[in-house]
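You will see two complexes here that share subunit A, one where it goes with subunit B and one where it goes with subunit C.
Our next item is the complex of A and B:
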């Protein structure tokens, strides 16, 4: 009788409770490696960039410049830095021209390939379209760089012209072409996979209702593609913000301005000018812009549906 | 953002080809497909026709056509002997960087994905969403502070500097969670617990074999990402003997176009082909894995 009235806490823990306690720690044991690298190579750098971005170089009289707290000075400077703003404009241009064109092509190709039996031809085209993605962006940049270069270009050799694909007027489009070449097939495969996962009965039902091929595409397939397309668009926007290798390897082959993309500008601010704190501020701004753009995009797509 | 990422993907089968809904391509469709295939393959074709030329032939023979006599062996010789055969060193470096990143990222993602998939704990969903959202942070924004932090602990110019940051792989984590959700039933786990199996045994001996497809997919994407990485090594290593292929070739491109030396164009093209061969082979032979990965919304490098 007295035994039964003992508070549970004083009783010897049952195996079950022990197990429950162990279970509380088990997930953290499995999470530990990921969280460790995440803390070291994501959280810490982000925190450090934020901290660093608040400092400025001060030159007081003689001697080397010192780091001094500058508050938001670097951010204010970024918004007045016409070279930086220009690089953002380039990216914006990419987003309104290159991204939609690429996704349009990817969607069209995915729809065509999905409409036909998955035979040899289908496999060949999927592989061919996908192949460019397997190239490192540096290598893609190099290859196209040689194809573009005024002296080397086989296009010029064939046509007998002396087109400079790296001239300042069309440089952005030439880079856009490299990006399109690399990523269209990749996006096509994503969209194609989404189409292939639609149960066939859905199409049969639509056909029985008398839907034509075009109806099927317009009213069944395109709406079904929406989530995959949204995802592709967001990743394209993120990818666009990160363009670096292509213009970087084109630099030795022609005149590529430092601020062709925000990333090349950021890199040169740091690597050439050694201005780490301003670079950190630019990095933070870029991350914030990417967040805003992706969020804005997601919101507008969700709002429509 | 992450809500959308999550809600749609698990519904999809991971890369299972399905039926067809029509008979054959119309002429217009065929034309479009051929045209685009031409566009995709043309630069690769140019690469094949160029790698056996010497500099003279590059300018004197028609582009896109093979030229005789072949200078393939000379170009190979230059490629592997220039600067005391540093190209081979770069090749080895790339294999080490990509291999260790792939292995490490696979282990780390598999464990964390398991925790998110099979356990309930406080803050689980919030933590998962935060980690996924970090996909949106441009890598350049990270590489700069990573460089500065590494400088303080002396990691710059080491293999670790290139490998460790690649272990943070939110997409791998996401993918592994999907595979654990779909491939390892919780009832099986409960049954093993009742039989007295330890948590480690359940994960390692019972669980892992069931998500083998996920492991290969994550490792494949991590390998490709690391193999193709350029910005991170550009910033964190500046000794040529630590360069990966991407960085090494880019430096050769820079020096051969600017200084007074004999340009290396065709040798670089040959090096470029060698540097992409492992990836092309990996993708062609592991086709079903990358298609599965892409089907669940793979992320750009």
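Our next item is the complex of A and C:
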């Protein structure tokens, strides 16, 4: 490799400089398509949201509101907005309960699938568990909305109970159920794929050492799943912060609090109350909060290992 | 002659001429519309009225210079989100859009609506049912929209069930409460006389509206909000007492649960706006068909004129982004005042007209068609027309009503759970939304 560059170094200075210049631009040239799209669809909107969040509405009398520069007013308002702060608490509660349950179920399913040697059964269940994820979350919400209906729900008809799954007290858990139903299969596939990458020699070695099936699972498979599990957990934490469709689709069916998740609250601030600037500030705060949360999680996982 | 409408001064002569020359151009009962533009223009219209494209084609027949592109957005909150975003983005808004009365001030507040009085809309005030004009022109000067359809309130009920339980159609709220008790006893709690919608503030507000309740008022340079007014308290306490006794249900409006109960005969009556019966016919189909009837809203005092409130109904606005504001105004007026359009809107979308002359159109009482057919061939439009004329004209909305609308659900949830009395629920509704409106910068007491 190095001897190939030697002749270049021996050449006359002017073409060398030209070449060096070209070398410097080459990566940018190849990066340009990505950077253009990245700037247009990521950096620019984020920048615009930041800019927008600095404005407030000024009113006088009955006329339309004026946009005026307000500095950090919207951010100060957000930290005093008990509805918004509560929405963060709602989603934290949701996360603490739903994410571990879902990952536990996904891991169990992945291990079972990995253990099933029958090709057809394996393929069938893999597809079956994954299917819910292929439904758009709006459709899933509508379907579950019907299953949750107080008088028509098959659960209530079978059990003879009159459980109102949409009652405001248990609504968050009902939504958790929909999310779990949708995403368990998805996470299972990630974990299952990770298990497929485990070299066969490891299992052979364990077998020779006299490991039982349980030992194999506990001391070989689970530790090897750790990186994939961490990844799934991070994605789930980020995904949880973004929950919107499920509660939103359930709104026409009964009372769903405006602030059941941060995103529904943010959406209503913008779409219903027309306060785009405050919505932008909330979105920025939510992004920062998600960033901190996933960073915190990653740090604690890495610290352990 | 051109298809353009004659100027107002020459109305009579032109009308005779047009009748003699092209009888289909202008029907005798239609008012004289403003002049059409001489250039070719295209209008974009956002609406949720079914079959509006066919009605618009009729318009183009009469005004060949104006073609109309209809986008049906299906209605609901998402429709408003789209419009709000287009107004905020200062591009992409249609020429004409459909907005419900309650949401009109919120859109006027964006500054994205044209004051149609500049385009002669005020001259057409006299053709509309009086209360509707107060909805589109709250200060009596600026006109933010042309009234389209209305939702005056009346009672729908199962004639067979009331007969079965030996109840005469209730004419007062006292009689209604007694009937609720009778149905409850005689059906062993299986049938409820009525239903209270806990997530539809406008339904509840229409009840208080009928009693003269006022929720928002303009006062000097600011607003006054009184969600906990005396009428609201009276109405809510009345319903809560019936709910507590188990005589009235709390099924959610427009859900499978509700239609199932209504079709199966476990709800004997309800209070619906003029556009409601169409929904009953469409959702229940042959279940309980022919068994329903419509009666005027029960009154707090026996005798006298029937007072009613309004739930829903909509109007047509012209946006400031429109490049053809005259043509857009003309279309909005024609769509809601011409017999052709009113008849089509009723037949296709069940729009109960805001036009005063429209209330008497024979199409509204076609016994061979729904909703009249579903209601046993009764002339239900006559009941609703009487209701519309009894709607209090001074009722106003505020720009922050969308938030008020949603906050109602929160307070009702607490009331139904027993955490709040009706009075406390209304006080909380008032306090929370007042604080919210102040945060949004409104001058409001």
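For the reader, a short list of remarks on this structure follows.
As a convention for this text, the second predicted complex is superposed on the first by the 269 of 305 C-alpha atoms of A that agree within 3 Å, B and C clash if a C-alpha of one lies under 4 Å from a C-alpha of the other, contacts with A are read in each partner's own complex, and residues count from 1 in each chain.
One rule holds in what follows: contacts are C-beta pairs under 8 Å (C-beta built on N, C-alpha and C of every residue); 3 or more make two chains touch, one makes a residue touch a chain.
Please read these numbers as outputs of a predicted model, since none were measured by experiment.
Of the two partner chains, neither subunit B nor subunit C is touched by A:160. Contacts of A:200 after superposition: subunit B is touched, whereas subunit C is not reached. Of the two partner chains placed by the overlay, only subunit C lies in contact with A:57; subunit B stays clear of it.
In the superposed pair of complexes, A:210 makes contact with neither subunit B nor subunit C.
Once the two complexes are overlaid on the shared chain, A:273 sits against subunit C while remaining clear of subunit B. By the touch criterion stated above, A:230 is placed in contact with subunit B alone, subunit C being left untouched.
Comparing subunit C and subunit B on the residues of subunit A they touch gives the larger count to B.
Of the two partner chains placed by superposition, only subunit B is touched by A:38; subunit C is not.
In the superposition on the C-alpha atoms of chain A, the part of subunit A touched by subunit B in one complex and by subunit C in the other spans residues 146, 151-152, 252-253, 271, 276.
The touching residues of subunit A, counted against subunit C in their complex, run 56-65, 77, 146, 149-152, 168, 252-255, 257-258, 268, 271-276.
Within the complex formed with subunit A, the subunit C residues making contact are 77, 80-81, 84-85, 88, 106, 108-111, 139, 198-199, 218, 221-222, 251-252, 254-257, 260-261, 400, 402-403, 406-407, 409-410, 412-413, 439-443.
Residue ranges of subunit A in contact with subunit B, taken from their complex: 19, 22-24, 26-31, 33-35, 37-38, 40-42, 44-46, 48-49, 52, 105, 108-109, 112-118, 121, 124-125, 127-132, 134-140, 142-147, 151-155, 157-158, 181, 183-186, 189-190, 193-194, 196-198, 200, 203, 213, 216, 227-228, 230-231, 234-236, 238-239, 241-242, 244-245, 248-249, 251-253, 263, 266-267, 270-271, 276, 279-280, 283-284, 286-287, 290-291, 294-295, 298, 302.
Interface residues of subunit B facing subunit A in the complex, by the touch rule stated above, are 1, 4-5, 7-8, 11-13, 15-25, 29, 32-33, 36-37, 39-41, 43-44, 46-47, 50, 58-59, 62-64, 107-109, 111-112, 114-116, 118-119, 121, 124, 131, 134-142, 144-146, 148-149, 164-165, 167-168, 173, 193, 199, 203, 224, 227-228, 230-231, 234-235, 245-247, 249-250, 253-254, 257-258, 265, 268-269, 272, 275-276, 279-280, 283-284, 291, 294-295, 297-301.
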